[in-house]
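One structure follows; several queries about it will come next.
Read from first to last, the chains carry the letters A, B, C, D and E; within each, the first residue is number 1.
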Amino acid sequence: MVIGKVVGTVVSTRKNDDLTGCKLMVVENIWEKEQIKYVAVDQVGVGIGDFVLVTYGSAARMGVGKEYSSIDAAIVGIIDNEEEIYIK
Amino acid sequence: MVIGKVVGTVVSTRKNDDLTGCKLMVVENIWEKEQIKYVAVDQVGVGIGDFVLVTYGSAARMGVGKEYSSIDAAIVGIIDNEEEIYIK
Amino acid sequence: MVIGKVVGTVVSTRKNDDLTGCKLMVVENIWEKEQIKYVAVDQVGVGIGDFVLVTYGSAARMGVGKEYSSIDAAIVGIIDNEEEIYIK
Amino acid sequence: MVIGKVVGTVVSTRKNDDLTGCKLMVVENIWEKEQIKYVAVDQVGVGIGDFVLVTYGSAARMGVGKEYSSIDAAIVGIIDNEEEIYIK
Amino acid sequence: MVIGKVVGTVVSTRKNDDLTGCKLMVVENIWEKEQIKYVAVDQVGVGIGDFVLVTYGSAARMGVGKEYSSIDAAIVGIIDNEEEIYIK
């Protein structure tokens, strides 16, 4: 998993059925030098500015409980000690 | 998932059987500094210039409903708020 | 999938049993700035200089029809319109 | 797998149920030029400063014995000969 | 798959049970500009300096015949024509 900062939301009216009801957030990887962004399904109820735990690949589908969906990134936790992690 | 811009189509006469009938689009990842391109199967009916949601890996096969195919990237949504996402 | 150019072949006498009979080609990703190369199993009968569709990860095993093999990259199509794609 | 150095711990009170009881460590890949960090589930009992073997993707879930969890990175060994590896 | 050069071995006394008996080698990807290294399980009996075929992800577990293990990289062949590949 990586630590991401939630920086936006994605609105998509026309999308795959298996994404219906999924809250799509834009997360910025705090450790990538270029701070690459991804769209991740929110699983825990996050808001803009939160530092979150993001999982990728088949693990994201498992985390969301939709094994056969088109999800490849999911927010699976909110970080409590982000200042400490930033310093290191 | 990432946000891609649809920039072209791919024509392939000689290809794997499991790709027959698949619409192959060239998408450019808007967040990669080098704007890397991929070939993704269109699942929602997109056109050149559209900003779309692209999923990768085994999730792409699931999204397309072809669990045992050779697909590793799929377009699974059209983005409504691309200007807002670009700014952030 | 990505578009690759076939630039060579790989000869391996001592290899995993599940690779026996597989034609191993060196493909160069035309979109990566550094043009990273991979070894992909040829599924469609390609030659040096061909522009091809390459799939990665578990999708490669599916494409080749060897779900439990050690294959992680496969050539699954020959591109007809490579000039058009290059320009974009 | 890659060799990582354990540089911190992650605290997350609100998280996916399948991560309950998992010890989350920050590991720094010693071979990446930018020393990218990841959050990996500790499986062997490591401490800050240890050089460890980190596995990614679906293998991480298998290693942890939670095939259907949202884990995509796991620490699966402690390295004995890190000085030797650093030199090479 | 990629071509790697075997540059070292990894010793790990305390590790996941599913790695017991696995020979862990350090391989350097010859095509990456930064020559990133990985730890891969040796499946064919290689030595330092050999040019080898390395597979990643779930394919590595399949290649090693341990579908539910924590292995994410495996050496699955020795290259016979490495000089030819280097030139191209």
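Observations
The definition used in the following text is that contacts are C-beta pairs under 8 Å (C-beta built on N, C-alpha and C of every residue); 3 or more make two chains touch, one makes a residue touch a chain.
Predicted model, so just to flag it, every value in this text is computed and none were measured.
Chain B and chain C touch with mostly distinct residues; of the residue numbers seen at this interface, under half occur in both copies.
If each chain is reduced to the centroid of its CA atoms, chain D and chain E end up 19 Å from each other.
Averaging Cα coordinates per chain places chain A and chain C 31 Å apart. The set of chain A residues that touch two or more partner chains comprises 57-58, 60. Because contacts link each chain to exactly two others and close back on themselves, their graph is best described as a ring. Read around the assembly ring beginning with chain B and moving next to chain C, the chains appear as B, C, E, D, A. Those residues of chain A whose C-beta lies close enough to touch chain D in the complex are 1-3, 31-33, 43-45, 53, 55-60, 62-64, 67, 74, 76-81, 84-85, 88.
Across the interface of their complex, chain E is touched by residues 7-16, 18-19, 24, 26, 34, 36-40, 57-58, 60-61, 67-73 of chain C.
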